[in-house]
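Below, subunit A partners subunit B and then partners subunit C, in two separate complexes.
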Partner chain A sequence: MSTRCVFTPFNAEFPASNYPQLTLSNRRPVLAFDATTDETCYWTSIAPQGLTGALTLVVTYAMASATSGTVGLQAQIEAITDGDSVDTDSATSFDAVNNSASTTVPATAGFIDQITITLTNADSIAVADYFRLSLSRDADGSAVADTATGDLFVLGVELRDAA
Partner chain B sequence: MAALTDQDRQRVTNGLMRYWSQLIEQVSGVTKSDVRAAVNAADTWADDNQAAYNTALPVTFRNNATTPQKSLTLAAVVLMRYNPELLKDIFGNLD
Partner chain C sequence: MGVRIDASADYLGRATGLPSKDAFTMAAWVFFHSYRPDSVVLTIFESGVGGYFIFTDSTTGDQPNVYDGTTPTALDIASLNTWYFMYLRSNGTNTSGGMRSVTASAFTTASGGTSAFTPNQMRFGNDDAGFYSNITIAGMKIWDAHLSDAELEQEYMTFLPHRFADLHLWAPAIDSVLADASDDWSGNARDLTQGGTLTLGESPPVSWGGLPLLISPLVAAVASPSLPMSALQAVKRGAFF
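So, the complex of A and B:
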C-alpha cells in the first residue's frame, strides 16, 4: 500500500453552493462540513506514476463539538484520460458514489479519527489522468447514518493504492 | 401563540448546532435527534406556559407591551443568566 496523493484544506476547490467552510481550528486549517446540509468539496490532481490497483481514501477529521453519534462520508472520482470526450467547460463525469461506513466519532471533540473509504467506483483512473476527488458529508443521512451534532472538521485526506 | 412549525423547529436545531460548532463548544453525549427533541420540548413548554408568563408580568407592562416585546424580555433575562456575551451581541452593549 502506497500513499499516492495528500490533499489539505488549502488545496480544496468548491462548488457554487453547499460547500464546507474553509476555517481554522486552533490555527489549524480545516474544512467544516455542516451537520444538516450535505456539503461537498473537490481536489484536483494528475494521477501519479506508479498508481495501481484498488484505491482507498483515508480522511483525517475531528468533530467541532460532538462527542457521540456517527458520521458518514461520501467520495467520488472523476478521471479524464488524454483524448476523452469530456467537455471540461460544461460537464462533469464523476463515477458513482463510494460510501464510508457510519463511523462513531471520538468521545472528545477535537480528537482526531480517520475514516477509510474504499474507492470501488474510481472511474477507471489510470496513470497521468487528470482527476478530481469529491468529498461530501452525508449530513442528511440519506445513504450513511450521520447522527453526530455540529461540524465535522476535515484536516487532511490521503489517497492510497495497492502497490 | 402557536407552537413553532416543524420547519422552524428544525431551523432552531440547525442554528444551535452551527452556533456551538463556531464556538468549538463541546456538546457532550447528544446526537442530532437529541438536540431536536430538546427544541421540541422547549417549544412545547413555552407554548404550555405562555399564559402563566403573561400573568406574571406587571399589569402595566402586560397590558401595553406587544407579544414580541414580552418575548424578548423573557429571552433577555434567560440569556443574561447563562450567556451574557450573546445578549451583548444582540443589544450591542450591556452597561
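So, the complex of A and C:
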C-alpha cells in the first residue's frame, strides 16, 4: 500500500449546511462532527501520478467526550475525467457511499483511533482525474450504527492505493 | 467555532493602536440569529462623536446599512440563520460596505461619504444597550488599507488572509477555548478584547484555505500549510504556499 494524498482540517471544504465545525482541540486543528445530525465535508484534489488499484481511506479521529459507544463514517468519491460530461456548475456525480464498520470509540476521550474505509465505490478514479472526497459521520445511524455521544474530531485523512 | 454576541454588553473590539479611519478595511463572517433594530455589526468610531458603522435598520432590523457618519445607505435584507461575509472600509473619500452570503454569487454593496472623528474604538458588535446584535461572528480581519473589490472577493473565499500586506489583525475565532477565540493570529499581538459574557458559537462553512498533500512515487508535490500554531502566530504568506 502507498499513501497518495493526505487531507487535514485546514484543507477541508464545506457545504452550506450540515457541515462539521472547523475548530481547535488543544490547539490541534480538527473537524468536529456532530453526534445527532449527519454532517459532511469535502476535499478536492487531482488524482496523483502512480495512483493504482483499490483505494482505502484511513481516518484518524478522537472523541471530544465519549468514552463508550460506536461511530460510523461514510465516504464517497467523485472523479471527473477530461472530457466527461459532468456539468460542474450545477451537478455533482459522487459514486455510491462506502461505509465504515461500526467502530467502538477509545475508552478515553482524546485518544486517537483510526478507521479504515474500503473505497469499493471509487467512481473509476484514474490518474489526473479531478476528484473530490466526501466524508460524513452517520450520526443518525441510518446505515452504520453510531451510538457514541458528543463530537467526533477528525484530525486527518489518508488516501492509500494498492501500489 | 465562532463567537456568540447576544446581550447588551457583548462585543469584540480594540481601543488602542487603531487603523486610520481614512485607510482601513474590517471584515468578518456574520450569522444573524434574530433581527434587532439599530444593532451594530461592524464599527470604527470615536466615543460621543461619531464614526463609521454597519448597523441594521431601525424598523425591523433585517437590513444592514452602511453609515458614513451622516447618512445610512441600505445593503441587502439579511436572512436569519445564514452566514454572510461583511465588510466596512474607507479610503478617506468614500466609506463603503458589503455583504455576501455563502451561496451568493456577488456582494451587495453600499457607499457613502466620510465624516470627521478620531477613532478610539473598533468593534465587532457593540456593548451599548440599545445597539447590541444577536449574531455569531468569526473570521475577523482588519487591514490598515482600503482593500479593492477584487481583494475582498479573495478574502471571501477562505479564513486564511490572501492579502498579508497591511494586515492589522486577524482573529479567525476557531478555537474551542473561549479565551483564545479572540486571539490575533496576524503576528501583530492585537488580540481582541472580549466585552460582556460571550460564548462559543458555530463556524461558517468556509475553508481555511490550505492545500492538500499529494504524494506521487517521485516527489511530495505540494507542501501542506497545516502548520503548528506556534508557526501560525508568525505567519507569512510564503510559509503557506
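Everything below uses one rule, namely that the second predicted complex is superposed on the first by the 163 of 163 C-alpha atoms of A that agree within 3 Å, B and C clash if a C-alpha of one lies under 4 Å from a C-alpha of the other, contacts with A are read in each partner's own complex, and residues count from 1 in each chain.
Note that in this section a residue touches a chain if its C-beta (ideal position, glycine included) is under 8 Å from a C-beta of that chain, and two chains touch if they have at least 3 such contacts.
None of the values given here were measured: they were computed from a predicted structure.
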Is A:Thr149 in contact with subunit B, with subunit C, with both, or with neither (first, second, both, neither)? first
For A:Thr108, select first, second, both or neither according to whether it touches subunit B, subunit C, the two together, or no partner. first
Between subunit B (first) and subunit C (second), which, if any, makes contact with A:Gly53: first, second, both or neither? neither
Does subunit A have more residues touched by subunit B or by subunit C? C
If you stack the two complexes on chain A, which partner ends up touching A:Thr36: first (subunit B), second (subunit C), both, or neither? first
Going by the contact rule set out at the top, does A:Ser68 touch subunit B (first), subunit C (second), both, or neither? first
What is the contact status of A:Arg27 with respect to subunit B (first) and subunit C (second): first, second, both, or neither? second
Kindly classify A:Tyr19 by the partners it touches after superposition: subunit B alone (first), subunit C alone (second), both, or neither? second
Subunit A positions within both the subunit B interface and the subunit C interface are 25, 32
So, in the complex, the side of subunit B touching subunit A is made of residues 10, 13-14, 17-18, 20-35
Using the touch definition from the top, list the residues of subunit C that touch subunit A in their complex. 1, 102-103, 159, 174-177, 180, 202-203, 205-218, 221, 224-226, 229
Would you tell me which residues of subunit A are touching subunit C in their complex? 2-17, 19, 21-25, 27, 29, 32, 43-46, 48-50, 163
Residues of subunit A that touch subunit B when the two form their complex: 25-26, 32, 34-36, 64-69, 108-110, 146-151
